[in-house]
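Multiple structures follow.
Across the two complexes that follow, chain A remains constant while its partner is chain B and subsequently chain C.
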Partner chain A sequence: MPNLFKIKPSVGLLSLPYSLVFIFFFFIPLVLTFVISFWDYNEYSIIPDLILENYRYVFENCFSFENGMCVTFKTYLSTFMFCLITWFFTLIIGFFVAYFLAFYVNSLTWQIALFLLCTIPFWTSNVIRMISWIPLLGRNGLVNDFFLSTGLTSTPQEWLLYSGFSVVLAFVHLYTLFMIVPIFNSMMRIDKSIIEAAYDSGANGFQILWNIIIPLCKPGIVIGSIFVITVVMGDFITIGIMGGQQIPSIGKIIYVEMSYLQLPAAAANAVILLFLTLLIIWIMTKMIDIRKEL
Partner chain B sequence: MFSKKNNTYYICVFFFSLFVLFLYGPTFTIILLSFQGPDGGLTFPLNGISTYWFEELWRGGSVVDIGSAFKRSIILGIIVMILTVVLSVAAGLAFRKKFWGSNVLFFITVASLIVPSIVLSLGIALQFRLIDDLTKWIGNSLDISWINDSFQTSLGMYSSGLGAQLTWTLPFGLLIMFAVFNRFDKSYEEAARDLGATPWKTFKEIVLPLIAPSIIGIALFGFTLSYDELARSSQVMGSGNTLPLELRGLTTTVTTPIIYALGTVTTFVSFTVIAISVGFYLFLKRKKGI
Partner chain C sequence: MKKNITRRNMLKTSTAAVGAVAGAGLLKGFPAIHAADAPVIRYLGTAVNMGDAVQKRLFDDTGIKVKFIVKTTDEVTKTIFTQPNSFDIVDSEYFSMPKLVPSGNLLGMDTKRIKEWDNVTSAFTKGEVAGKKIGDQGTAPKKVMYLKGSGSKEFSSEPTQHVTLIPTVYNADTLGIRPDLIKRPISTWAELLNPEFKGKASILNIPSIGIMDAAMVVESMGEYKYPDKGNMTKKEIDLTMKIFTEAKKAGQFRAFWSDFNESVNLMASGEVVIQSMWSPAITAVRTKGIPCVYQPLKEGYRAWAAGFGLPATTKGRQADICYEFINWYLSGWVGAYLNRQGYYSAVIPTAKKYMESYEWDYWMLGKPATADIMSPEGKKLASKGEIRDGGSYEARMGAVECWNATMDENKYMVRKWNEMVAS
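Up next, the complex of A and B:
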């Protein structure tokens, strides 16, 4: 290895500033979070220690099941449900948007233009995109107006906003792009002649979709799924705003504990969240052998 | 198979149009509602048409100091943009060859994109808290007067806030650089080198003009993602809030269309930046003539 430096002293070093940012603002903070999750604390300071109290506190009353499920498990279950539902909708919508762009739009210029059309909202404010649902879903919103005027319901529907429904809607609205990009990328790599061959051999549209396109898109689907699931797992902002600050989530536990300066407790929750996230990613990457698929 | 004459095509077009409506529709409703008269509320119907709420916003009426939050966000966005471009182009150049630790650095880059933002925000906040404690301890034990008298915290927009945002923008920058160099024709560079150009000159005269359009893309990601960043910054901005943080606070307290007016302004800034970037990108592409 030292020989490399002798030949090209400068090239590898160009990554040094980039690396320093990640050492200082990514690696060390995560290590500290792990370490501090074993510390003690009182109202105004954190105290170096090696205790499991913070973890025990997270799972307090969780293994007796006398009073039903504990708060922690309920919160985790609710977050998992949001992951699952959001994942399902973003996958279906993202897949078909990518499918349309990749196979039905023939000119490259149009492909780029329409792709950009899908991407632009990603560069605008998430908070604004969330509150823009208020005039549509609120008590006096357009959807309720429509329901009332057509006589579908006799009273305004309350479940439209500040509910699980609006949280999922906002997630799908914000993060479908995370599915579109990698799936579109996978689809563009598919050799069109394979599809032609299948078509000539008598396969119908559905068979081509199921037996050729979906299997070849697996890497894109997995990458998109990882993005969507991890972003929902740690969310506290969308669930907060769209849930009317009433729905719990793992991210929100951490957020609330931080605001009470219970930092080691927040760190313990963060470690568990990180562990769960990594576990899910690990399981997902097991579903496909990425090296084999590429 | 994918002919434009069958039903599936029209179903797909319809589906795609619905999706675009879903993406943009809500934003346009709040733009519309922000132009209401003084009696306007948060929902339809429109109560008159005026620019009242924009004037109100400009005066700073009933809303926390939005002007300075706006200024802070723009300045931080520009700094993040410059650092994202410089650091990820440099790292992108380094990654063209394998170097010591390149695999680990790539792994960390991807990990940074998918680690839950609240975890990282907490981690950085903890780190700066320890730095504060350490600084105060040093100040006390060595009796350094400026630390004892005036030091409060190292946590702030240009320290922890900047770093937290970079962990989000830099991965996008590096991944764009990967995409660029994957389809980069090295022969121009080799020709320059054969003609005796120094590495720096080769970079400046050959590589940089060729990758310039993509650098615009990195700059776009750098600015817009910083300008709208919320989750990672949430715990580490110190005393001065950025616009997204103020906005989040406003969602629970404000009940007038002023919040829509603010949304319209922010969206307008984002759209302007995107339009300038796309225009600049097309201009550079055309100039290059490839």
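Up next, the complex of A and C:
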């Protein structure tokens, strides 16, 4: 009997299980989605075909601006705005939390404990978490109580809930962790002697941050950004609940189309969403070669 | 009791007999009815009106077990299309029938096998309540009730032996309000867009139902009189959505809701004081001790109706068990259970047998309660002396104006609805 540990399995064999999962549960469904986006449909069935109707339908009235912007453009514009704002805040907050964890907390136990604290937003179900915002931000909520009792405002502030503000707040609250983890990971790899060398050469704190830490954290920043942007691009639950269902999202449009069995139309929308998201990621990876940095 | 025991024994032995058949079925997929012990029915539906008590009672009475596959209304329809063999019985709504029946995925149900068929309320079979015609705009059950044959994909306008769904439950929906925050009488659907409630109104974000509420509002504002609210032309859809888009832009709505619990939270927190609402949501707000009224309005109600269907492939023993389940469902205990939640049972005389007379007087006759009214879970819904919102069965169901609907221009309507949400 050959010693199993002496056989060196080929790279192909090692990657086989994951490749299979990837092919069956990601690649094939994706190809099907792409194919179905060119099919025809009626009320109760989808019909194999090769038509561009579904794509034309998505961009209907989009290139004549007489009646203002079309739904598709408006929805993407609003989604891009959420992406940008959420990305900005999660990056700033996430970076400094990671910075604190990596450079100010010296014991591993404390790092783990504080890390767990960051995951608290994920301890409850999505729905309960969303509902819990009402007593805080609602018309009769804590924040408004505070505003009214201190005389900061004379009437309850309605923009606190079911608005763009509350959507961004919920996003930042949830997804900052997705920034913290990869950035923290990058920071832990920085050789402390580099920082010491910079310090000995007379660099001040800001120079060290700007010239050493940030450049070395780039891979973490890019990975975190990819997480945040892809999640926000496809989100419809958070936007739905926190936006009071009055703010559009591509995810919601796809969801509604699917529930009315307009599967090819939903597939076309999904393909466009996927294309745009991949485009953004492609641009980000152009800025930095993750493969090399890792 | 003795009868039950023998019946259960009979079921056990006969299930053992078909064990081999079901075992063979395993090779192809999961057997619909398990042979091991009690027969299990996979029940696809929203199950909002079902609780553990129903399962327990069913098992005690018939030895049948139920496994609920809980989905939203739209997803139930989707499942019938895409996975017609993933359930044994489906609890669906009549307004889905114009889409579902042409697919051929549902069996034409044989009314001869339903013991209480002749007692099914006339609201379903004839579109009448107490001998008077009620509103039939939209997909009224009588329009999509009868089939031309057991395997037919066409509706029959005349009563036949085969039906699309065996009716189970229905209700008349209207607007819910917070009387303590509004502090004046509300009597018309038009109030939903009254600027007085700017930022404090809501409507449900389920296009096929929301559009009907929207149409009730537009008509009561005197903006337009629809020939059939349940089947609008493109122009009518444009007009309806234009009015709602303007209201939305003006900040009329605090939020839209698409989930039952959202509507409860909006109302209970006072974020919203007037909105489209469903009967159990009103109950949920009230059991928190917060006043909430299911306000009857002069233009009438938007009604909905649900029933049981079977997959087209159902036959033999599986069909026997499903029909037995349906017959049990209509035999009264569940009917009373539904009536106590504020819905109506499709077979009223049997439900009456299982209700106390004071309950019957409150829920069905619209009389003041002579004792505290309890929900099936034992929570207090109304105190002695209170009257049900909207009054008696005849007053409520008799004032139905339109039914939940599937329109010919459904695709266009969904698109316009999305535009309104995005505006």
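Annotations
By definition in this document, the second predicted complex is superposed on the first by the 263 of 294 C-alpha atoms of A that agree within 3 Å, B and C clash if a C-alpha of one lies under 4 Å from a C-alpha of the other, contacts with A are read in each partner's own complex, and residues count from 1 in each chain.
Throughout what follows, contacts are C-beta pairs under 8 Å (C-beta built on N, C-alpha and C of every residue); 3 or more make two chains touch, one makes a residue touch a chain.
A quick note: this is a predicted structure, and the numbers were derived from the prediction, not measured.
In the superposition on chain A, A:140 makes contact with both chain B and chain C. In the superposition on chain A, A:71 makes contact with chain C only, while chain B stays out of contact range. In the superposition on chain A, contact of A:124 is made with chain B only, not with chain C. Of the two partner chains placed around the shared chain by superposition, chain B and chain C are both touched by A:258.
More residues of chain A lie in contact with B than with the other chain of the pair chain B and chain C.
In the superposition on chain A, contact of A:196 is made with chain B only, not with chain C.
Judged by the touch definition given at the top, the superposed model places A:241 against both chain B and chain C. In the superposition on chain A, contact is made by A:18 with chain B only, not with chain C.
In the superposition on chain A, A:183 makes contact with neither chain B nor chain C. Common to the chain B and chain C contact sets on chain A are residues 127, 131, 134-135, 138-140, 241, 245, 258.
On the chain C side of its complex with chain A, the touching residues are 72, 74-75, 77-78, 81, 98-100, 102-103, 199, 205, 207-208, 248, 253-259, 261-262, 265, 269-271, 410-411, 414-415, 417-419, 421-423.
Of all residues in chain B, those touching chain A in their complex are 1-2, 4, 8-9, 12-13, 15-16, 19-20, 22-27, 29-30, 33, 41-44, 86-88, 90-91, 93-102, 105, 108-109, 111-120, 122-127, 129-130, 160, 163-164, 166-167, 170, 174, 199, 220-221, 224-225, 227-228, 230-231, 234-235, 244, 247-248, 251-252, 259-260, 263, 266-267, 270-271, 273-274, 278.
Interface of chain A with chain B (complex): residues 1, 4-5, 8, 10-15, 17-19, 21-22, 24-30, 32-33, 36, 46, 93, 96-97, 99-101, 103-104, 114, 116-118, 120-121, 123-136, 138-142, 145, 173, 176, 195-196, 199, 205, 208, 226-227, 230-231, 233-237, 241, 245, 251, 254-255, 258, 263, 266-267, 270, 273-274, 277, 281.
Considering their complex, residues 43-45, 71, 74-75, 78, 127, 131, 134-135, 138-140, 158, 161-162, 240-241, 244-246, 248, 252-253, 256-262 of chain A touch chain C.
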